[in-house]
Structure formats: C-alpha cells, structure tokens
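For reference, the structure I am asking about is given below.
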Amino acid sequence: MRIAVYPGSFDPITKGHIDILERSSKLFDVMVVAVVHNVNKQGLFTLEERVQMIRECTGHLPNLEIDYFSGLLVDYISRKGATAIVRGLRTVSDFEYELHMAMMNHQLLPEVDTVFIMSNSKYFFVSSSLVREAALLGADVSDMVPPNVAVRLKAKWEERRQERGPLR
Amino acid sequence: MRIAVYPGSFDPITKGHIDILERSSKLFDVMVVAVVHNVNKQGLFTLEERVQMIRECTGHLPNLEIDYFSGLLVDYISRKGATAIVRGLRTVSDFEYELHMAMMNHQLLPEVDTVFIMSNSKYFFVSSSLVREAALLGADVSDMVPPNVAVRLKAKWEERRQERGPLR
Amino acid sequence: MRIAVYPGSFDPITKGHIDILERSSKLFDVMVVAVVHNVNKQGLFTLEERVQMIRECTGHLPNLEIDYFSGLLVDYISRKGATAIVRGLRTVSDFEYELHMAMMNHQLLPEVDTVFIMSNSKYFFVSSSLVREAALLGADVSDMVPPNVAVRLKAKWEERRQERGPLR
Amino acid sequence: MRIAVYPGSFDPITKGHIDILERSSKLFDVMVVAVVHNVNKQGLFTLEERVQMIRECTGHLPNLEIDYFSGLLVDYISRKGATAIVRGLRTVSDFEYELHMAMMNHQLLPEVDTVFIMSNSKYFFVSSSLVREAALLGADVSDMVPPNVAVRLKAKWEERRQERGPLR
Amino acid sequence: MRIAVYPGSFDPITKGHIDILERSSKLFDVMVVAVVHNVNKQGLFTLEERVQMIRECTGHLPNLEIDYFSGLLVDYISRKGATAIVRGLRTVSDFEYELHMAMMNHQLLPEVDTVFIMSNSKYFFVSSSLVREAALLGADVSDMVPPNVAVRLKAKWEERRQERGPLR
Amino acid sequence: MRIAVYPGSFDPITKGHIDILERSSKLFDVMVVAVVHNVNKQGLFTLEERVQMIRECTGHLPNLEIDYFSGLLVDYISRKGATAIVRGLRTVSDFEYELHMAMMNHQLLPEVDTVFIMSNSKYFFVSSSLVREAALLGADVSDMVPPNVAVRLKAKWEERRQERGPLR
C-alpha cells in the first residue's frame, strides 16, 4: 500500500490545493493531507478551523485522510509509514525553496521522496497568502477558494471591519 | 495497476537519470522508460544504442519497461494506458519549460498528470548535454555516467580524434 | 496621438497574442502589429501567411494596423512615429531576455519605452513554438490558436505526413 | 481620457521610481501616484512624509496626481476611473510576484490591465528597502534618491545615532 | 597584500560556509571572516557564540582572521584595507539579492569588488536558516554542520524542549 | 604567484568584458584572457580577429596575457598552472548554466575554483550576441563596445549590406 503525505499550512485551503489533491490522490492508495501546526506562527484560522474547512470540501475524494502534525516532517512521515511527500509547484521561488527542502528531507530520511505536481493554469496565481490579503481587504475571492472557505473569509472581514469602526 | 512513463532523449543516460528511475519506480507498478525518437534531430548515439545503454544499466530495477516512441507524447501515453508522466527537475530554466509542457499535456489529455522528481544533489549539475560536451573534449566523465556509458563515450572520443588527425 | 508597436514572429499568432492585443489596443490610439521579417531564419509559415492569419482573426479590434518590417526595430519605430513597444511576458527566461532588449532599445532610441503586458493565465503556457511542435505531431491545438490558424496548422501536418509516407 | 495608477509604498521614493514616472506619464493622460496606506505595517516615513517627498521631487511632471489609499487596489482603481495599473520591474522575484498580483487584479476587475515598465539600468539595483537599510547605517545614498529624500534620510540617521548613544 | 572579507550572519556556520572558506582563502593573502552584528535582529546564537564556533572549526586555515562588525559593510571594508568581498552563491533568489548588493557596494566604494564562489554541490541545499529550523525540530544535522556546531544545536533543542514541557 | 583564466568566445569583446577584466586583474598576479576556439561553431569574427581586438583595447592592463585554446577548459587550466577561472555573471539563466559548469569543472579538477564577478550595472544588458545582432542590423553600438570593435562591426555591416544589394 502506497501512502503519500501532502503537508502544508492550508490557511486556508484554496481551489489550487484541491486541484493538486484531485490529481495526486489518483497516484497513491492513501493520501494524507497534513496541516502543519507551527506553535510559533499564528495563522488567520486556527488549526481546528483549517482541518474543518479541508474536511468540508474534500468529501468527493475517498482515499483522503485529514490530519495535522507538529515537529519534523520526516518524523511524521515515518510514523505514518508513507513513502512520498506531495508538493505543488507554481513559481520559480517556490521551486528553489522546495528543491532545497526536498534535498534536506531526502538526506534526513533517504527512503522518502518528494513528488511535485503542478496545479491547473487556472489556479496558477492563487496562493493562500494572496487570498487572505485580498479577502481581508474586502475582495470577492469565490473564484479562488471553495464556497465554505469563501463564507468564512467573508465573516473574518466583517469581524475586522467592525473592530476597526466605521471610518475605513 | 498504475503505469507511468519517463520520456526523454537519454543521449546518453546519466547517473542523474538512473537516480530518478530508482526513486520513481517505487511509486508505480510499471515504469516505462520511453526514448523519444525525433526524426529531425540527430543525436550523438542512435536510438538503438540509447535503448541498449539503458537496458545495460537498469537491470536492478524489476518493474522497468524500456521502449521508444515518435509522435505526440500524449498519444503514446494513451496507447500505454499510463496515468502519469515522470520528469526530473534540476534548474529554474528546466522548471519553466517543464511547467509549460505539463500544462499543455494536461490540456491535450486531462486524465494524465506530470509528476516531478528531483535528483540527488550529487547529480544536480549532470545533464546529457554537459556530459556529451565534456566527453567529446576528452574529459573523464565516469563520475557522471554508468560504466557502460563511459566506455562508449570514450570510444566516440577516440573515433573523432582519429578523424580529426594528430594536430589537435 | 499615441502609437504603439507590437513586434513579433507570430509564426503563427496564438490566442495568447490576441489576448495581449485586446488588452493593449485599449491603451493606445493606434496599435501596429509588426511581423519581424528575418531573412536568415525560415519559419513554418511565410511572412505573407503570418500577416494574413493575423488579419483574419483581429477584425474586432478597430485601431489595429498590421504590418511587417526587417532591419532594426528602433528604426522601424522611428519611421512609424511610435512612442511605445508592447511586449507580452510569460516566463522568467522571457523576462530576462526582454529586460535586456528593452534596455538596449532604450539606449538606442531614448524616446521610446517598452511596455509589458501579461497574458491571461489561461494562455500562460501557450507559445508559438510549443503550438508548432504539438501541431506538427498531430495534436489538436484549437484551444490555443484561433480557428483560422488551427485549420492551417492541420493542413501543414497532413502535408508533412504525406511526404513522410505511411509508416509513421 | 486614459487614467493610470502607479501604486506603491514609496518609503521613500527613489530615482528608480522617478524614472518609471517620467517614462509612464507620457503614455497616459493622467498618472496617479497612489501611496498605499497599510495600517498593519509601520514604515520608516509616515504617509504624510511620503506624499510630501513625492510632491517635492515630481513638479516637472505636469499630468501627475499624488494621492493615497487604503483597502483593495482594484476598488481604488474603480473609484478613480482608471484603466491601467503601472508597475516597475527589476528582478525575477519581483516579476513572479507582480505576475501573480496582475493575474489576481485582472480576475477581480477584468476591465483593468497592468502595464510593466522597466527602469533605467542605472537604477536597476535601487530599491526603497536597500536604500533605507544603507542610509540608516550611514551610507551616502544621494546617487539613488532625489536631494530632498537624501536630506530626510540623513536626518533619520542622525536621530537614531543620538538615541543609540556615542558607542556605535 | 590582498585582503578579502567574507561577511555573514553565520548563525550558525555550516559545512557550506567552511567549503567557501577553504576555496576562497587560497585566493587571498588574508581572509577576514566578519560576523555581522545586527542590533535589531536577534539570532539563535549570540555574537560571541557565533565567533567562537567559527574559531573552533577553522583552525586548519592559516590565513583566516575572525572578526565582527556593525554598521555599513563598505565602511568596515575600508577600515580593514580590503579589496574584495567574498560571497557564496547557491540559488537564483540569492543571486539577485547579491547582485543588487554588489552593485550598491560598488557604487558606495568603487575600489572594492565582490567575488562570488559557488559551494560544493554536496552542500548546495544547506543554509543556516534551514539548519536552524530542522535542528530545533529535533533533526540530526551533523551532515550539514561541523561537529562543534552540531553539539550546540542539540543543546538548544534540549533546552527548548524542556521549556515547552513533556506534552509535545 | 596566482594565475587566473578568463575564458570566453569574445565574439567580439564588449565594454562589459573589459569591466570584468579591470576588476578581476587586480585580484590576481597574472590574468589570462583565453579565447575558446570551437572548431564546430563559426563565429562572426575569426579567432585571430578576436584575439587582435582584445589586444587592441586592453593595453592599460599590465598583468594580462592574451591566449586561445581548444579542447577541455580544465586541461588548459592545468597546463597554465592557474588556480582560478573568472566568469562574469549577468542573468539568472547565465547563473544556472555557470553554476553547473563550475560544479562540473570542480569535479574534473578539484584544485581549481570558479570566481564570479558582476559587471557594472551600466553594462548589465550588454552581451556579445545582442551586440552582434544589433550591429548587423545597422545599430550604433559604440556605447557597448570599445572603439576598435565598433569600427570592425560597422565594416561587417557594410560588407553584408553590399552583398545583399540595395533593396533592403
């Protein structure tokens, strides 16, 4: 049985991530979506919210397991018995960072390999950080994220606007 | 059964290619190494020689099938019943070309995906074209190619030196 | 009156080029599409065919002038009385080459500036060379080029297939 | 009437920015320099100081309007009735970020396009952040910024040196 | 006498840095390793620890001088009477940043030049930041740093684990 | 005595090359400019012309030796007793190719290192190929090449124009 792990912050999950999952889940028997729990970095959404949002929009993919982890990725991979890490690739800057991470992870755990999948050109420019930035300034991002995420981003924006008061 | 195709010119196969094959062949049930037969572009080695060299140095990988094709890659993929294309990634320029090819192939045949694997950092700088160039100038490239290929490259060099005469 | 020149090989024109033209023609009073006539480099289509294909698929853009030139781009720009060069940008490698060309052209003719427009993400991977390569191997490229170009590419493929004979 | 917006932090304006403005202001009837007011990110200079510095050094460009905005760029563009966003391009990393922003802005507001202009090779290495970093360490940056900005950067440095005391 | 300066954060020194030093120290009469003391940015190790770690692992290089500085690099270079800055190059993003820094430093101090050395492909993916990140999550990084640094990184990790308590 | 080799096609030498030579010749005792004699690739100028043009415009650099070679660079380096290869860096694409060449040369001859120097931002966009292309179309390239080279490029252009006849 071939198990792969797709790690990420997913803060929040985008249509680009879902596209990667739809493609890569066909290549493996079990596909683990693993949300990184970084204790030093606060996200827009909590760990629980991120996991919940992934669950809500990936019901059509039967061989998915949704999980989270903290600590070293290769340790998590070992515990899961996985043989592959799945990553999306969009830009040259991504590419170099990912290349170095893949080389380091291969050095730390030689029996695991990183497999890169490119997302659909439609989602080429979509990243969680651009989506967060745009949504918190009031943009309609429903072309870039699934409906359940769009609703939550809108709520975050309303919340922030109320805190800030009527003047801006 | 998951079948993947690793297409390329393999003129000649290098240790970098073998590294990619050793990694990717664990991810699929059948891994087809497919030498591209480009009628318009003459290589250093003939199609038969390239296939033969691959055969000689990949005997340790049981689920490999060695083949060649001409025409459109996605047509070949369809005929083989494969669901994935495997490609190595080394440089940013590779990356962009490969990204565009992957997007085009996905548009031409949506049910196939391209999977990128990075080679070991040891073979990071090794490409068939650099190897050819160095070997034909007399360099010892036995750290970069398997022994059977090193022997053939040396023979090519000797041959060319004789044609050229003693003066250079 | 602001005149801009969009130079290129257009061998053949793609949907990506048309997208750039639709965007940039709104920014200028006259938009000259200028096919480069390179005497040293034979294309797939003749100069006349390229001009003709552009004419056929850009009738909806009223302020377009379709022309061709040989020699130095900045000389042509001067003759036309243009103040801007329009170029599309897709990749990092494009970017660097275009940056150097823009710097050189600005040095040769300081009163002209190069203006870069990015094409729609849908056409991000579409280039004339990829389209030619795919079409001549038999691919259906009608998503990437306008219908009049698709027809001509198909004809080229048929022609080549007949020359080559039945075996491949 | 063609209106374009050149948005940025301008913290502070550099000779590179002025070069872009001198080139792009010829292409449009009105050129709006729009300082982004980011409530979450404190700059070296206040919003008022940045606007003031731009005003002081762009008096020679008659069709310039100097403004600031907060919130979503495409909303500001709509309110202004602009049809183009102007951006400078210097590096590959800029290029990819800008490409993604341009794609997103086009998706949010299809009737607006982003137009990229390259700065003079003389200012190729000049960025606000490098200028700030160097000036606050005591460098003479008068080749990189207009005189009014050089004076204010020098004052900032003196101020910080006094706070820090005589030892460093 | 030719003096060169190799500036950096060295937080901590890696095998990649040592490789650059071994190569570049042959090119100059005196090679100054200069740790940047950035008062605004707290590192993992103190300035004293970084200097100490460099001293411990570079005893085999006779013409090395280990030092630190704050303020502007070109001022430090002048005080030292050096004529070259040595920098390692690994990635495209490094490359562009370094290119701009080199251009700026050359503008600030025309008699100094920046000399770039590439590290061994074995250490291609090794950076201080990746090493810190991995080590603090418990990874064994002894292939990437000298033994004295590995010991200190392990101690840092133990320390942090104890602070955090037994639950994670 | 430290000897370095600056290899290249120099077809023709540009102001960018001269800038690199002026900088790097201060770092070494002897600087060998080595024109690559590629028997398979015809240049615009003959080997003799290239050597001659370099000689004419580098008289102000006393520790220069001008030479040419064919075959493998590292063999030439060995024969010369050099310890460093000097290369200029301008673009990301250069950078990656040069990185791979440096890694390969280091593998073939471990005692030699490649040292990269960046050219002045003024010459950033100047390459021999762009200069050739522009000059043969009639551009005035005297800002990019030394006067002796400008004269010869002009002569080449006149020659070609005469061959081609009056019509273009």
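Labels A, B, C, D, E and F are assigned to the chains in the order they are written; within every chain, residues are numbered from 1.
Assume a residue touches a chain if its C-beta (ideal position, glycine included) is under 8 Å from a C-beta of that chain, and two chains touch if they have at least 3 such contacts.
The structure displayed is predicted, hence computed values, not measured ones.
Counting steps between touching chains, the shortest path from subunit A to subunit F takes 2. In terms of the distance between Cα centroids, subunit C is separated most widely from E. Pairs A-E and A-C differ in how many C-beta pairs touch across them, and the larger number is found at A-E.
When chain centres are set by their Cα atoms, the one at the greatest distance from subunit D is B.
In terms of their C-alpha centroids, the spacing between subunit D and subunit E amounts to 33 Å. Inter-chain spacing, taken between the CA centroids of subunit C and subunit E, is 48 Å.
The set of subunit E residues touching two or more other chains comprises 92-93, 96, 99, 103, 121, 124-125.
Every pair of chains meeting the contact definition is listed here: A-B, A-C, A-D, A-E, B-C, B-E, B-F, C-D, C-F, D-E, D-F, E-F.
Here subunit F touches subunit D in the complex through residues 92, 121-122, 124-125, going by the rule given at the top. Chain contact summary for the complex, subunit B toward subunit A: residues 2, 23-24, 26-27, 83-84, 89, 92, 95-96, 99, 102-103, 106, 113-118, 120-121. Residues of subunit F that touch subunit B in their complex: 39, 70-72, 74-75, 92-93, 96, 99-101, 103-104, 107-108.
Residues of subunit E touching subunit A in their complex: 91-93, 124-127, 130, 134, 137-140, 143-144, 164, 168.
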